[in-house]
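Two complexes are shown next, each including chain A; its partner changes from chain B in the first to chain C in the second.
So, the complex of A and B:
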């Protein structure tokens, strides 16, 4: 049971867009930490703690690389730690690198949550209004990578079962993975073609002609043709809960951006670290944005507890 | 396994080259405590660094830079000071030596990275290019004239007067008229 997934697609899209936008624009360490931790907990609740821990080395390595690259190229800042090739490596540049890394990793994790929550049917439903072609391409593009990974493991297992590439040498293994990967690309692209052909065969996105006899007209040949788009069937219902989610998201989005621009939520790293000022406005921003980022995790946990409780009563 | 040993060797080689090319100094080592003494027979130049135009456009300055530490109230970052001119010194060499002695922060783009083959000064004393709009940055003047080439290309002679000035308008506000010529 995935509770957060049951929200209306529009609410979910507003949720992800608002949190991502604030995360991309803010340099405030409090907001960044909230978004990063909230997204990581959400991903843990969605995919299990095991998956999160097995992915952690990748995220940590990327985090360290992003954080350490910035001081190599940016030498602004009042606190030089040491000089490398005549250029200062400063504390401020290092901390700015950490902030950049938090933004990148946070956005990455949030996008993984997005892929997990926004299934193809929801994306189709949302983008149908814009263009059926666009919505189909979008849903196929978002499905591309997970499908690639799944099929990669399938081919890999099959090759191993046949006794191929069992060597322990690192270079052999790299060669094996490259080979499997190259075989994946045409297969997956072919899949995209098949999907579009199959959707066309079903009449997806096509106009339908509805012929109606003109009233009182005795002449049967005189027929009015009306063009109408095919509609998609969906079970999504917009409830007050969804409206509440949209309201909270827009509220946090609005006060964060306003605070960033006018009310001391903004933060500067260069040339000297800014101070985090706690005003009424910034406290409100931290509280509301924190609530929004941690909400999906809390909803998932609550739902899991309810489920456990119900199962125990049977 | 042979291949693995080879690749380990290759990675070790790359690391060795990288480490060999990196020169690390502590803060104390970088800032010069002692600078060449001026003797009666030594050749000298005068160097000054000013940011008066920043004071004129103080309202446009990013809030994080509005501090007396970064923009001195009189606009003088380095008052006219005499420095010993070594054989073959360019404007850049003297500036770098002065900055390392006076502990003035400075960031520059090396001559090998610039398309003009000359060093480009990006920022002095935390005042960077573009800190005050798209036409702002550091320029230098030798005996009142703005030379038309990079600071590491200009070889200095005895007794010359070098001024580094911050411009907010592509040089027009500090008296360099030629910068806008090509556009007109």
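So, the complex of A and C:
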């Protein structure tokens, strides 16, 4: 059930960015509903229905809180429902609160999907595009941190058997941890030196000397130092499938924003609720954005069905 | 054709002054293409310095004279870092990145290869080294042996012609070490790779080496074929400390003062004994007259031995620590690691628990040391249940624990600060602490290390310092976790002497180890740990003679003649007895 994860990191990043941006900018209830339901189904497909159900109360509570807070503070709108402390609670403000809540919860759920899908190696790959060196440093940090934690625990346990500062008082406990923590610093430096030796031994940061001798002279000083370009390897392959995903995402992103700005996809709550008009353009936006938001879920479901079908054939 | 030639190489570290401070002096040797050279010597003899000087990217700073040629070209003029591969001692520190595949690709990325080329070479290398199954794993999830294999693979992926390895197996358990060595042999045999390997565990390595270079005090003492090394060493000095590091076959052969090429492997050693001493086995049989009698006699011996055993157990005196039906797991949903462990240790005895990797030996020690808590069963130390000890009272003049990674015991900037801290806990006045620490170090012969940083001392010295430190609290029971890992033969001897001294002082020593040789020589009782429980407890000669696989090399050599001879010294003694009779 991890079909969507297998897309290229760039495609995945484009997907999340495009959906999140549209969700953040739109006030159109149809688009919001599509994004919210699509994201929820996506999360369900990724982490199982059980996780989704167990998390549902949290999301519902947050949803209700956000939706109800807005009308308490915003009194815009022309349709008062009732008065509280002399202030009108309006229908428009209430509905705007619901819309706000849909945006917040939708973005939250999408971010959880993002964390699940974008594993560290995908993030590293994306960072590589920005700066290969930064990406390498990040990778080394990801290697180093678990090692440091393990070392910390090892020293902690060893120190405990020495019977030092093992009283129950707060000062003893603080002292105990501080001295273990301080001992990590020289260890880190020592470790860094050995790691850098290992990097150099494998040719990192090596200058390739290219002697460009002048034809007639024997000027040894005239040696041009040129750093050989380091390449960056990754296991990801960019396939037509990835290109297609990017294309669809950009298409939905483009027409949604254009529709929002010019073609009657925009929606207003204040002072009075706008009307949802169904034009050719808006229908196209609803269809394409809907397709994009439901796609991860559909892909996972399709994959599951294909798998079942294959198994039943065996 | 020679691939490496070292001429008159001398080297002095920046802080060295006089003539005696040369880390290397006047080193001359050459390595031909496809040769497997083993570099050995007691620690501190200059092996690491020599290897690092040959790998110029890792060369230490200092004053160097003499020349090194790689393929006839002076080393300084060689361009490609991938031509000479280097694998260091610590499997942790060699690894740079977080994923196995990235680690393999790292060197190739530095060489500037294209993605397709890298993909192919990485795939091919991973297949050769059999690490496909861990290809997408995180590097910190790997075991020590896998890490070191990854280090080797990520160097080999760059296609070196010469491979330098600096004690690569010193931090590995014997099984992982043997795997690693056999991979090296495969590389040497199947790809014709030239290898220089520095090593202190010579039992497995020597039989496949083409040449052995034995160093002493920065000089090459002997450079010869493995079969001649025993004789040459005896010519130099018959009590040379390196003699103890030789394979058991060589040690037995030399112990009997035989001349000429020595046997190297267990098979050759056994053939040698059978050819010369098989009479010893036959005469025993003749004397008993038939097999029935033999069995009867064996049974008699056995009962005699158990009676003796019981008697000696009573002699060992008071119970120091005891585990009864102890069960332990790391998490509610995780499988049991200890499944009903029961054993006891008495004062004045050394008890060795042997067993493979990850069977729970260390966990048993942790439970006994109060670091982990058993969920069923009872653990008692000095007659008191472990849960009844409050605060640090368990660790005061009672129980001491030497972990596998001894450097974890030291947290200060100098060794003496760490020792003083312990004295301060014992309530010694501030003015007296340093004097006490100095005196302690003097007794142990470690005075020169007191002002050093704990990371700047060698493995053997580190362990002696750590022992010194944990013994300050005058424990009645000492727990040792893999005490011989990373130690050379000389340091092992010292450790054995320390344990002997502790035993005579009435301290109970409980060691968990892989090292059958060590257990055979220093334990009063041995036990096999398997599948979360202790399977058999017996004195070493009985314990090892009953085992077919888990036994010492000396026992494998001699078991056809004397089943219960488990150490080299014992085998030599019996051979001499036979010759005398």
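Note that in this section the second predicted complex is superposed on the first by the 210 of 314 C-alpha atoms of A that agree within 3 Å, B and C clash if a C-alpha of one lies under 4 Å from a C-alpha of the other, contacts with A are read in each partner's own complex, and residues count from 1 in each chain.
Please note the rule applied: a contact is a pair of C-beta atoms (placed from the backbone, for glycine too) under 8 Å apart; a residue touches a chain by one contact, two chains touch by 3 or more.
Note that the structure is a prediction, hence the values are computed from the model and not measured.
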item: Partner, of chain C and chain B, that touches more residues belonging to chain A; value: C
item: Which superposed partner A:75 touches (first chain B, second chain C, both, neither); value: first
item: Touched partner set for A:170, first chain B, second chain C, both or neither; value: first
item: Chain B versus chain C as contact partner of A:231, first or second or both or neither; value: second
item: First (chain B), second (chain C), both or neither touched by A:85; value: first
item: Which of chain B and chain C A:51 touches, first, second, both or neither; value: neither
item: Common ground on chain A, meaning residues reached by chain C in one complex and by chain B in the other; value: 168
item: Chain C contact footprint on chain A (complex, rising order); value: 120-121, 136, 139-140, 142-143, 146-147, 150-151, 154-155, 157-164, 166-168, 179-180, 182-183, 186-187, 190-191, 194-195, 197-206, 208-209, 228-235
item: Touch list for chain B against partner chain A, complex; value: 1, 3-4, 7, 21-27, 29-30, 62-65, 67, 69-70, 105, 107, 123, 126, 128
item: Footprint of chain B on chain A - complex, ascending; value: 75-76, 78, 80-88, 168-172, 268, 270-272, 274
item: Interface residues, chain C side, partner chain A - complex; value: 55, 57-58, 79-82, 85-86, 88, 90, 92-99, 101-102, 105-115, 118-119, 122, 136, 138-140, 151, 154-155, 158, 366, 369-371, 391-392, 394-396, 399-401, 403, 405, 408-413, 421-422, 425, 453, 455, 469-470, 473
